[in-house]
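Two complexes come next, and they have one chain in common, chain A, joined by chain B in the first and chain C in the second.
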Partner chain A sequence: MFSFTKEQKVFDISGLTIGGQPGMYPTVLFGGLFFKGEPDFDDAKRHLQTSYEHSKRTGVPVIPDFFIRKVEYIEPILSFIEKVVPKKHPFSIDIIEPSIKIQTLEQLGSRKLLPRTIYNSIHIGMTKEENDALRTYTPEAAIVVAFNPKDKSPDGKIEVLENGAHLLEFGLLDIARRIGIEKLLIDTAALAPGENSGAAIAALPVIKEEYGLPTGCAIHNVVEKSRWLNDFPFAKKTVDVASNNAIPLFGGDYAIFGPIENVELVVPLIAWQDILVSEYTENYFGISPVASHPRRKLLK
Partner chain B sequence: MKQKLKTSVIGSYPISINTQELMNGYFSEQQISWTQYIEQAIQDMTAAGINIVSDGQTRDPFIQLFTRKLQGCRIRERTEIIGRVEHQSPIIIQDQIYARRLLPRHVELVGVLTGPYTLTKSSVDSYYHDEKELAFDFAKALRKEAELLGKRVDLISIDEPVFSNELPEYATELIQTITNGLSPPTRLHVCGDVSGIIPQLVDMPVDILSHEFKASPHLFDEFQQYPSRKHMCIGAVRSDDVAVESVEEIVSHVKKALVLFDGNVVQIAPDCGQRLLPRNIAFQKLKNLAAAGEMLNGG
Partner chain C sequence: MTDDYYPWGGEFAICSRQGCVAVVILNVQYTPPPSVAIYGPLRTENIGIEKIIANTISNPWIRFLVLCGEDIRGHRSGSSLIALHKNGIDSNHRIIHAPGAIPYIENLKEEAIKRFQTQLSIIDLIGEKEKEKIDAVIGECIKKSPQSFGEPYIAIRLKPQTTVTLTDNRALHSKIIIDYLGKVKKRGA
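And now, the complex of A and B:
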């Protein structure tokens, strides 16, 4: 547990606070919806309800991360967001295909949802058309994936943020800022075991010290990619949930924890970890947790 | 019998990298192979009819290509030296092996090393605080790479552009560290205006000297003052200009060199690496260079 010498930025994203020194604000969780199959809106509504209840009880914010795989899902998913996600509450959209990203941005614009949108994500694969669409329909915040195919170490992640690793004309941070997005959340790009998987965690404090920006990752993806764990089905779920602990422990600000079905397990776990970090950082560095922090909510 | 004039490249070649595909590999957990980019470079060079081709130096600019894999180096805006520079694993060998597999038997392969002084001057030193010591550690690391390279290529070229701006008094010793006793022939490429360092260049412990005679034609006159038996690679098309030189223009340019250097011109090439040119322009320049080579060889 530590504190950074670099000033840490704190962003307000539609009422959600993220960033800062370890122990100050609760770790933010992103829970995924609609990764597979047809979107099941009844199921999603139930999980969202559970996640908001858990957030309220613990102080750990949960942001729904809506995965949009097909063009025909854009309209129903955005309508669902309008109806079900509490007004002014932020959400993220998680899309791989550039053409779907562009169409979704247009619809987010026409529905006036952009001030609540966290765009997941900006990365080396961004097309010119996507860049143009982002300039027209600029979301409130964006996740920037620091994936550098040339160098998977923390240094390589900084390189792609800084100068694009000679794959792009500019660094990813510069690209995002030229679009007009200032609220940037760095994703340290977790990779499979054998691909320097630990670098995603090691990069959390390195990147926070370098840029002072909120930083996190989807470390649970490493668990999914650990095929040997399939031989331990009873333990796999525990490992998947527990993997998120490493993020606040290493000074990170947010965890993309996978399917929102795990929210009942992940939220208390992170609340516990946040309390642990906060007790030390307040004692040693004098960093006081905010009123909404799990330590304030749960330890009375 | 008169030696046949060979057409060669200097090193880098422009290729298009599909960053979307690289990112899709990240999302789908698939390893994306880099070989397609080596293929692009090799395909263009061989289709143009060049006799001595490189792997295209596709992975990185010529500094990062080496410093990314050398111990003691960290890449930020520039390369930073944060520890002792050492060779820890092969750097460009796998790409040479792959490039060789793509080549017809009659086409030769040049392995290109970025020179130790250029690596030194392009880095920010936070460890040695002694330029000479750093340069020699780079040279020792490159020597190890050169030994591995010697088994895989027909020619080793050392790219030292910084020499044209600043030639250290230990330059010869530095190059000697790499080339001493190496089995394949060696070439030293120094682009820029080398008119002030020709006496030192002609004594360099390499088999071939390579310079940008097209962008700096006054070098013909300058070299005339220092007669030498050193073999020469003549820069015959510009690497910093998109205007494509005609075959006739190249032939006329090289003929001046043939007269000046007598029988010592063994290669003609672009003035420098072609990385910064549009791919179609780079290809057309190589094509005309190859045609000029054939014409000069009596084809």
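And now, the complex of A and C:
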């Protein structure tokens, strides 16, 4: 458990607080919706309600991360957000195809949803058109993925944030700030086993000490790509959920934990881990947890 | 798995040692016949492609690369692999005209890419999901019984197992110092 010398930034994103010294604010969770098949809005509504109930009980915030796979899903998913996600709550949009990203940004702008939007994500593959669209339709916050295909170590991740690692003219942080996004969440880019998967965790304290920005990752992706775990079906989900523990333990601020179906397992796990971290960091570093922290909510 | 013929471990399956066909399985449930040399999935348009190049040019008997199934949404890994074979990479190591999101080749020399372009012919069956049709195309390739391309090209060598003796007191990473309580400081600051 760590405390950082570098001043740690704390962002308010549409009422949600993220960042700071370990033990101060609860770890923020991102739960994914609509990864596969046709969007099932009834199912999604149920999972969102469960998420918000669990957040309320534990203090661990859950942000819905909407995966938009096809152009024809943009309109119904954004309408769903308007109707079902509580007003003023933040959400993130997770899109791979640049053209769908651009169209979604336009619609988020026209629906006045940008002040609640966390853009997932800015990375080295960003096109000029996407950059232009972001300047016109600027989201409140963005996840910046420190993926460097040449160097998967923490140094390589910093290089891509700092100077673009010779793949881009500028570093990703500079690019995001030139667009006008100040609330940046760094994603340490968890890669498959065999691709220095551990670097995503080791990079958490390194990057937080370097930039003081909220930092996290989708460490569960490493579990998903650990095909050998298919031979242990009873254990696979436990490993998937438990992998998220490493993030707060190494000083991280948020976990992108995969399908929101796992929210009932991940939220108590993270609440437990946050309490563990808070007890130590308050004792040794004098970091007092905020009123909404699981330690305050659950330990009476 | 890893193998002498295939230096970069991964999810692939090895079949015939002197088979002339490698099969890239995109979004489809399909098992190629045992007469192919190697087959496996492709997911990402960067490291995934690099692995395929390294693990095909290492076996000079492989002369055909068959891509089948629906392309990977967003990543467009199959189409990016075809773009690489056709166009190569630019000065930033980006695959020229690749439709994928992050199509960069960073871990292979240009020489390896040139070898890939000359040793292998691409058989583009992207979109094809019917086993009979894919099997038939693979069968036609095998019937041509092409010659070996010559010597193997080892594009990448995984580091051998080593024992590292830590002689300094670095904890976690060289950029930071963590004291015994857990306080993190930038090294040299």
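Please note the rule applied: the second predicted complex is superposed on the first by the 300 of 300 C-alpha atoms of A that agree within 3 Å, B and C clash if a C-alpha of one lies under 4 Å from a C-alpha of the other, contacts with A are read in each partner's own complex, and residues count from 1 in each chain.
Rule of thumb we're sticking to: a contact is a pair of C-beta atoms (placed from the backbone, for glycine too) under 8 Å apart; a residue touches a chain by one contact, two chains touch by 3 or more.
Being a predicted model, the structure only gives us computed values, none of them experimental.
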With everything superposed onto chain A, say whether chain B and chain C fit together or clash.
-> clash
Does chain B (first) or chain C (second) touch A:Lys150, or do both, or does neither?
-> both
Which of chain B and chain C A:Asn163 touches, first, second, both or neither = first
Between chain B (first) and chain C (second), which does A:Ile247 come into contact with in this model arrangement: first, second, both, or neither?
-> neither
Identify the partner contact of A:Ile118: answer first if only chain B is touched, second if only chain C is, both if each is, neither if none is.
-> neither
Examine A:Ala202 and indicate which partner it touches, taking first as chain B and second as chain C; both and neither are also allowed.
-> second
For A:Ala218, select first, second, both or neither according to whether it touches chain B, chain C, the two together, or no partner.
-> neither
Check the contacts made with chain A and report whether chain B or chain C touches more of its residues.
-> C
Pick one for A:Ala133: touches chain B only (first), chain C only (second), both, or neither.
-> neither
In the superposed arrangement, which partner chain does A:Ala189 touch: chain B (first), chain C (second), both, or neither?
-> first
Could you point to the stretch of chain B, among 1-9, 91-99 or 127-135, that collides with chain C in the superposition?
-> 91-99
Both chain B and chain C touch chain A at residues 96, 98, 123-125, 147, 149-150, 155, 158, 166-167, 191-192
Can you name the residues of chain A that touch chain B in the complex?
-> 96, 98, 123-127, 145, 147, 149-151, 155-156, 158-159, 162-163, 166-168, 189, 191-192, 225
Quick one: which bits of chain A touch chain C in the complex? Just the residue numbers, please.
-> 1-6, 69, 95-98, 123-125, 147-150, 154-155, 158, 166-167, 191-192, 194-195, 202-203, 205-206, 208-210, 227, 251, 280, 284-285
Flag every residue of chain B that touches chain A in the complex, lowest number first.
-> 17, 19-27, 29, 32, 59-61, 64, 68, 74-77
Enumerate the contact residues on chain C facing chain A in the complex.
-> 9-11, 46-47, 73-75, 92-94, 100-107, 172-173, 175-176, 178, 181-186, 189
